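Across the two complexes that follow, chain A remains constant while its partner is chain B and subsequently chain C.
After this line comes the complex of A and B, so read on.
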């Protein structure tokens, strides 16, 4: 799938690889339905890189999480492959001075949506996937029992169905032509609105039931490119002690409250937290609401302008609406 | 397991936490006391150095763990002892106020306001009104009942 784009990516990478201290991208995972992140620094490994709608991971976290993937010497660069959503995370990290643009060589990948393998597996229980391809409006998956077909739209991740920024906002080179956004940025908070139709009690019941399933594996936090506190995360520190190891919904609820509030006005809605959640809790939804609030109150959208300051890290003495 | 099982749950008294800035509202509450203004007794005051120290999660945690109301009060905007602490706080607390109802927590249980050290009367009014509001809302249903 997407052989032409993959080939183009190989060409572009080969052209600049000598100037880079390595590049992070995606390669084929354990089966045809999965991709996995890969670090490439030698020319003979470039063929491992791929680009397809199965490249779901937001790789920008690798630049800031221990050990950070950064150039070894002054004046050098590292390469990174980003989709539209991932590029917003890069912008947000640059705003907060965690990375600097001149240390990066960004391969931008305009993206028409990524495949959510769990959604596919729910519709068609698959065994030993050997090939995946897109044919017109269908996703064709080949496994041990034959070829299965699924409407393309039904295979996409929720974050992609509400995508307003499919094209990278920052990049040194684009691997393919820009694509049309699926949604206008005014319309992306549809699910937030739906939940708000419910009463307060129903919403509490909804979140209690959803968050009660949380196993506190912290995968959402670990996958989040903007959760940068690392081993100082207050979810795990004993001093200050915010959470205990007690069972019960309150601790889980509080954990997600911490994660969400710390991302208020910073979250770029890449949807990684929701993708990695083993319990399939819609955790991005909380951050979507906070982003909607910061947009309405403070007229700010995260990860767009590298010069802007996230609104909760600054103030304006003259705002009287509050 | 409930602690102190000889007390009926519905008989528990209303608990309100007040996060007050050291320089203005804490002084304001003190002024109200010195002037012997009658005040509700539901409020437990936590003194903070500045509303800029007020992590919105203090309020969130209180409400999640069953406190019935959270009141935050500090210096008036532009009168902060540390110049700008309450301006940061204003944004953060306003965002939290809009976020709580989405999670199913009644936004009316959370209130932030500005009271200076000389405004004993305003403090009495603020705390009386907030306490009345929480009494009308009743105990926080919290997470256990759902």
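After this line comes the complex of A and C, so read on.
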């Protein structure tokens, strides 16, 4: 699937690889339905890189999380593959001075949506997946029992169904032609709006049921490229102690609130927190609400303009609605 | 090479006199479980939402529909080794006559009820064999674990739904492994044939349904035979004990294997054999509780010493420990027993699809090269 784009990616990478201290991209994972991030620095490994709607991971976190993937020497660069959503994380990290643009060579991948393997499995229980491809408006999956078909839209992750920025906002080279955004940025908070139609009691019941499933594995936090406190997370400090080890919904709610509030006005809605959740909790939804508020109050959308200052990192008496 | 743990109460008996059988029609499963629940609390695999793929084990309540057609995401490990468990409660009580005199009252939080886990898979049960060696077999017996372990019965499904992440046959188990099971559930056309495997499981069989027809018994036997012939996974873990030693200081190897790791706890929290725990005192005012909670060797705080030093400072050393523990240190200490049941959950649930099989295979390459 997407052989032409993958081939183009290989050519583009080979052309600049000597100037890079490695590149992070994606390769085939344990079956055809899963990709996995890969770090490539030798030309003979370039063939491992791939592009497809299974390249679900936002790789920008690797630039900042310990041990960071950075050039070994001044003046050098590392390469990184980004989709539209991932590129917004790069912008946000640059704004906050966690990364410098000149240290990066960005391979931009305009994206028509990524596949949520759990949604696919829910529709078609698969065994021995050998190939996955898109044919027009369908996703075709080959497994031990034959070829299965699923409407493309029904295979996509929730984050992709509300995507307003499919094309990388920053890049050195585009691997494929830009695509039409699925949504206007004004329309992306539909689910937040739907939830808010409900009564407080209904919303409490909704979140209690969702968060009851949380196993506190902190995958959402660790996958978040903007969760930059890393090993110093407030959730695990013992003094002061904000959270106990208990498993009650209130403890879990507190953790997710801390995560969300720390991301207010910073979250670029890449949806990684939700994608990585093994328990399928829609945790990005909390950040969507805060971003909606940020937009209404402060007229700001995170991860768009590298020159802008995130509103909660500054004080501006002229802010409208202040 | 693998040696199951010693669980006296669920020794599998081949005695034909104990082979009472029942047939549960698919649409009567919930009713059968309601009857069962009258006699013993039952945990079942259920989905918490219509659009969710994942399945969890929860105490059965009328109205629940068990999901039997896929492996659960969250584990029945929770039944015996809860994610948090109160070990004791404590209270400081002041003497009103002499407020300087404070008495500490301790109360041990013990006591477990008999429960039955319905619809676990062979890998779920095999996970406890790892626990048994550590918590019950050594000079120190963990009574919190032991009492729950001994009071938990398992009704285990002959597994038909393996996927590409499964590799139970590679670590000494298999889709028809009945070690550690008290009841055996075989999915057949239109329902399930259940049979007793242990003395304790036997009495529950008749509660679950009418005796099966001869055709159903034959169909079940066929499925069991097919499942026992099926090889799930092709990992050969035999070189890992030495490979881990050879690769221990090979920084480039660990970097190349796990550079994409996010250091989250998913693999350990969905693992049937991961048993590391933390102990904390959760206190409020003058009273509190001492709790045991799951720890994860993937977390930065794992083995973080009070001095500030951590012998496993990055994800590379931490992942090295995870692989070494399961495939090298544990078999070395416990007569070759691998601390992995091949359920594949760590592969399937990993946010970045790290494949532990690949790491183990690569460990071996170096061991092979030595030979």
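The working rule: the second predicted complex is superposed on the first by the 317 of 322 C-alpha atoms of A that agree within 3 Å, B and C clash if a C-alpha of one lies under 4 Å from a C-alpha of the other, contacts with A are read in each partner's own complex, and residues count from 1 in each chain.
Just so we're on the same page, contacts are C-beta pairs under 8 Å (C-beta built on N, C-alpha and C of every residue); 3 or more make two chains touch, one makes a residue touch a chain.
What you are looking at is a predicted structure, and each value in this text was computed from that prediction instead of being measured.
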| item | value |
| --- | --- |
| Touching partner for A:159 - first (chain B), second (chain C), both, neither | neither |
| First (chain B), second (chain C), both or neither touched by A:38 | second |
| Which of chain B and chain C A:83 touches, first, second, both or neither | neither |
| Partner chain in contact with A:128 - chain B first, chain C second, else both or neither | second |
| First (chain B), second (chain C), both or neither touched by A:276 | second |
| Touching partner for A:196 - first (chain B), second (chain C), both, neither | first |
| On chain A, the residue positions that both chain B and chain C contact, one per complex | 209 |
| Chain A to chain C touching residues, read off their complex | 29-31, 34-39, 57, 61-62, 65-67, 69, 118-119, 121-122, 125-129, 209, 212-213, 215-219, 221-223, 230-231, 236, 244-247, 272, 275-276, 278-280 |
| List of chain A residues in touch with chain B within their complex | 192, 195-196, 200-209, 242, 249-250, 253-254, 257-258, 260-261, 264-265, 286, 289-290, 293-294, 296-298, 311-312, 314-317, 319, 322 |
| Contact set on chain C toward chain A in their complex | 48-49, 51-54, 56, 69-70, 73-74, 83-84, 161-165, 256, 259-260, 262-266, 268-270, 278, 280, 282, 291, 293, 296, 299-301, 314-315, 347, 349, 351-355, 357-358 |
| In the complex, chain B residues that touch chain A | 56-57, 60-61, 64-65, 77-78, 84, 87-88, 90-92, 94-96, 98-99, 101-106, 141-144, 146 |
